[in-house]
Amino acid sequence: MSRIGVFVCHCGLNIAKTVRVSELAKFASTLPDVVVAKDYKFMCSTPGQEMIANDIKKHKLDRVIVSACSPLMHEQTFRKVLENAGLNKYLVTIVNIREQVSWVTHDIEEGTAKAKAVLNGAVYRARLLGPLTSRVIDVNDDVMVVGAGIAGIQASLELANTGKKVYLIEKNSTIGGHMAQFDKTFPTLDCSACILTPKMDAVMQHKNITLMTYCEVSEVKGFVGNFDVTVRQKARYIDHSKCNGCLACTEKCPGKGVSEWDEGLVKRKAIHIPFPQAVPQRPIIDRDACVFFKKGKCRLCEKVCEHKAIDFEQQDTFTTVKVGAVIVATGYDLMDTQPLVQYGYGKYPGVYNALEVERLFNSTGPTGGKVTLRDGKEPQAIAILHCIGSRDKNNYEHCSRVCCMYSLKFSHLFKEKTTADVYQFYIDMRAAGKGYEEFYNRIIEEDVKFIRGKGARVAESADEPGRLVVEAEDTITGKFVKLPVDMVVLSPAMIPRSGSKEIARLFNLSTDKNGFFMERHPKLAPLSTMSEGIFIAGVCQSPKDIPDTVAQANGAAAEALTIVEKDKMELEATTAMVNPSSCCACQNCVRVCPYGAPFFNEQKGVSEINEALCKGCGLCASVCPASAIIARHFTNDQVLAEIEGLMEF
Amino acid sequence: MEFEPKILGIACNWCTYTGADLAGTTRLSYPQNLRVVRVMCSSRINPSFIFRAFQLGADGVLVGGCHPGDCHYNTGNLYARRRLAVTKKILEFAGIEPERFRVEWISASEGNKFAEVVREFTEQVRNLGPQTKFKIEREPMPEKI
Amino acid sequence: MLKKTAINKISELAVQLMQKGTLIAPVQEAAGFNFREISDAKQVNLNFHNTILSPKAAFFPQMEDFVQYQTGQSIMEAVPVELNVKPTFLFGVRPCDVKSFEIMDIHFSGTGVVDPYWRARREATTIFGYAFDLDEPAQAEEFYQTLGIGAADPDGSDIFMIRKGETLLLKGITPKGEKLLTQLSRLADGSANEEEYFRNYISRGRDFKTRYTCVDDKNIAKKLEDIFDNGDFWMKVSDACLSCGVCTFVCPNCYCFDICDETLFGKGTRRRVWDACMFTDFTLEASGHNPRAQVFQRLRQKIKHKYSYHVRKYGVISCVGCGRCTRHCPVNIDIFSIVEEAMTV
Amino acid sequence: MSINFKHIEDKLKTEAKKLLEQGKVSIVLAYGKGYDDHHPMPYVARNAADVGNIVFNEFCTANLARYLVRYPRGTKIAIAVKAADSRAVIQLIQEDKIKRENLVVLGIPVSGMKNSKTGEIIDSKTTCGLYNPVLYDILLGKEVHGKSVISPYDVLAEYEKMDKDARWDFWKKELDKCIRCYACRKACPMCYCDPCFIDQNKPKWGEKSPESHGNLMYHLTRFHHLAGRCIDCGECSRACPVNIPLYLFHKKVAKECEEMFGQVAGMKIEDKPTLVNFRVEDSDKILE
């Protein structure tokens, strides 16, 4: 037998206009176990809260029902009230008579009747509620950062500077990410390498950062505060503990592979470092390009290596790292534009994608910084096509956000390095960022030709063999444009890095329809995810420029810090548990849980739930045929009782 | 008097319940026949809740969850989809009009859709008339009580 | 006084009984015959060997409402459900089943604690016993003769009935039965010849063989007690047992029940429903401990209760050999085969 | 198509004896003599001497897979299975109730089995209608060729075309007969929960007394629990003392599951039970 207090809020006229609140309170007082029922103008106000607190004491209440706005609004407020009054905070029930009753009807009769029905449901449920205890767990104070582009580097450095130990995981053999491929950055046109390489070096030198390059996350276990992340160190075939980075091996190597770093524009050695400033300065062997791996003999590198660092027998190794929080900053890829056959990428040598062009500008790039076409000639006319695959309902609906600006940057650099005419084919020019509009204005002054119209097709010129023709509709003049050019630059959609699906699976992240990781809340929690303790930063969340990425990285570092700064943390109490005497060992719970919280205890022959992993969704409880699983706060009997209460009137 | 159906709604906390709140915040009116139970995820819904709701006198049951792929718990609603599909087939073979049971994916931003679904479903159930097959007839209590 | 009626006129007799009170008689259903309260006299059908469910439900229905209550108020209010028993005629009960009522009386009124529901129904009921057809061999599952019950035993019946071709002979056995017979105008008087037939039939019934030869029930009780701890034996005989409740629910002598509260919208009924010692949760304690967690323990309990404990306590086996448990066991377990096997251990 | 039962019985005995003597298994689940030839019983042979008690005839219908979960995990068991029974074994392996390596499956290809209570021939009307076991280590006898002329779902046509009110009347009448002896769930190889949901007091899913609504709750929920798991052996219906045609409902649910999810229960060891599984590409159409 419980003692329930019911508190009906007027919410000014928000509720009182379409629900007769005093009648509702009177009705409540007739319901089973209700010992006091009151209505008040603003229950969430200080006097309202005091009234509840006083009544809890005066009437020895052990359940409180607040009939007011949505629980998503004020549940926490009233939980506090109970806690302060010495009651377990889970004993409050919020009845939503504003958002789901008073605001959705104009009829006071209807409103009052529905409010009674839903209140009755709450009374039925409240009688079966029980106190719940939040659990406190120890927190590991290290952090893992996955992805060592500018976001990962920045976040790692920030965390490391606060004294936290950071494990920085990078899939490639060097850190730096896409930013290291750029020549200049918009809108300031400062040299990308000049601002990035000091940071890369700082990572290398930092005593609190454990850099793990050429590594991938292979398994994630555990939960916020206590993750066990298994990392696979891919075989480099070089023992980095012996290698001193003299790079003598790379000179002799006869194997030829495609340079990922230069976007495939040139070849590189089988044993290589991706680029001169790579961090760490230690080579790896590309197995697919290595003559020894392909033909069984060569081993030239082995002969020249004085430190005996070459090891053809090397295998992948696995290490498990314990951390309290994880920042995922896996970045992006450009969309493969080859399937968009109308643009002729991969078919016409004169068609480039944006990253290739970045490399053409760069002094460490395939052309040494000279802008020449694949045949070595300098282009006379260049077209830059915006929004290839993005802002396109047939491919990716999202705007990749940075293309307008880098296209302007390209225009500037083309103008600087060639005598070519530069044309921009754009839908809208988006220059919303600090100094961006100014940059745009500056480029307009530089004799770049802007054609408002999306490039529709790139074809071979019929008149001038070897040249290309860009077709588009100029939406300002309404005329159809056919423009002969030598070079076409495509600005493809930015999409999540290959392998992000796997990352999403490993860390239990949701993704949006394009595969970008979902933030917990688009506005108020843009860096946290639905997986507690996992944060996201940079383009893996959505396309953004370097300043935004760095800002996010700093933010994510701060968020991670709020977790690992504490020794202990409290976990939500609304988790599931197994009643072992009812468990039929069907292991359905183990099969369905998205978080791996239930596990089968062979010894006892029953399932158990690791409550620290449990998020309280209740899926296990509904697939448990024997009703052995109790989803706390949403137990079967509580839900059934609520349904019964809702259906009574 | 016109028949006013009782409709049980079971809504997931993150999408449909929030969407229902949004319908309220934007003052969309819809029929007051729906009474909502909030659960954390549509996958929490045990098929027996639905059988029981009909026994307790529900004329219709509306389940709302996140759109497939958008589940707050990643995959909960994908399990729910299968389980509820089977529930519907069972109701149908037992002789309950399948139109009395409906599952809708309504996101937190779809207040409009929520209101629209409730209007449409209420109308549909109203046209079907009272659900008497599963309903447990309350036995009259002796005078003294 | 012997009365008679044509078998094809039974419905007329039924109509008359229905005017006097409630008639419970065998009716044919999809799965076989069962005793049901008759609403249409034409339903009464005596062309049966025996019913699926025993007639015990006439006195001990599967559900019996005791009180109705309302929860949630400061004082829980409850009112007893009134027992409204009309004169009842239980028609066509086989002799072994009639015997079962006597054994059940021990529990419901013979031990000092009287079950008012059982007694009221028992007192209001006139039993029409009905002899087995002696020209048809006993079924393999039956062993009433083993337990000393004749196929045409009139003991315990108020009126006893024997079928002679297309004629049904009825004879009053108790004063209550005799009195009733005089009131049933639809019945004709039996001839002296038929009187003779009736007497002979009863004595022929005593020699009517069922599957087993007679055994000494006292020895069974003793033997079963001795082998209580013989786990191998009990394990072996219960290997096939599914632990369902069929045997106990069809048994005329199983009387275990559970008390259930069925509440809806705060209003509820406290009722008694049949329970079965074969169910896992029959002995499940609130602590979670279950003294009979295993199938063999439950089957052992069931057999020993009927053939050993009951004998020791009340001097009679709690079984009438009707064979229902064997006949309806999903896996063909035969209770008396187990008893016989136990005797050889 | 005549089955040599004596031959199967002999082979069953030989194999059981071998397995027990070689210590490959500690028990053999088979059939033994009942109180007469028409009523054989499930029988557990624990040593070579027990093997002589094994019988096999057309009345050996019981699905022995039901007993597998009774023994401690890891017990080495040999089990005699007919077609549907082998599907139950597969399903139990899928559900990790038993391990394949702990089993020796003695497959029995057979047709024309008879219900020991009624003497009726059991065919695809009440069962899945397969003749040959889907999974076995040793096949006792020859595979039966040919296929049942009617599909196991043919029997549903009559009920599917019924008006929904008529169908409700039909089920209400049938389920009202239920006396809650729970023979159905106890005979079912897939119903291994103990306690069953209906035995729970908290929550109380349905009325415990044998009344319409409690019966409805028990059976509908049970149908749901067996969705995608029922292997259509028909044991529930044969066990039922009041002849409720439970197999009809189970078949219907199985049919729908097959159509919606493209998977048949108990056919492949590597399958995952359908209702604790999903595919992203499951269509919302299944909810219509």
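Just so it is clear, A, B, C and D label the chains in written order, and each chain counts residues from 1 on its own.
Definition applied: a residue touches a chain if its C-beta (ideal position, glycine included) is under 8 Å from a C-beta of that chain, and two chains touch if they have at least 3 such contacts.
Since this is a predicted model, take the numbers as computed values, not measurements.
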item	value
Chain whose Cα mean lies nearest the overall Cα mean	B
Contact-richer chain pair (by C-beta pairs counted) among B-D and A-D	B-D
Chain B-chain D separation of Cα centroids, rounded to whole Å	34
Distance between chain centroids, defined by C-alpha means - chain B, chain C (Å)	47
Centre distance in Å when chain C and chain D are each reduced to the mean of their C-alpha atoms	32
Where chain C touches two or more other chains, by residue	264-265
Sequence positions of chain D contacting 2 or more other chains	194-195, 197, 205, 275-277
Shared-contact residues (touching 2 or more other chains) in chain A	592, 623, 636, 640, 644
Chain-level touch network, classified as line, ring, star, complete or other	complete
Interface residues, chain A side, partner chain C - complex	31-33, 127, 581, 644, 648
Interfacial residue positions of chain D with respect to chain A in the complex	73, 95-97, 192-197, 200, 202-205, 225, 272-273, 275-277
Partner chain B, residues of chain D touching it in the complex	159-160, 164-172, 197, 205-206, 213, 216-217, 220-221, 223-224, 227-228, 249, 252-253, 256-257, 260-261, 274-280, 282, 284, 286-287
Touching residues on chain D, where the partner in the complex is chain C	34-36, 39-44, 62, 66-67, 70, 116-117, 177, 179-183, 185-187, 194-195, 199, 207-211, 214, 235, 238-243
Interfacial residue positions of chain C with respect to chain D in the complex	29-32, 52-53, 62-63, 140-141, 211, 236, 239-240, 242-246, 248-250, 258, 260, 262, 271, 273-274, 276, 279-281, 284, 295, 326-328, 330-334, 337
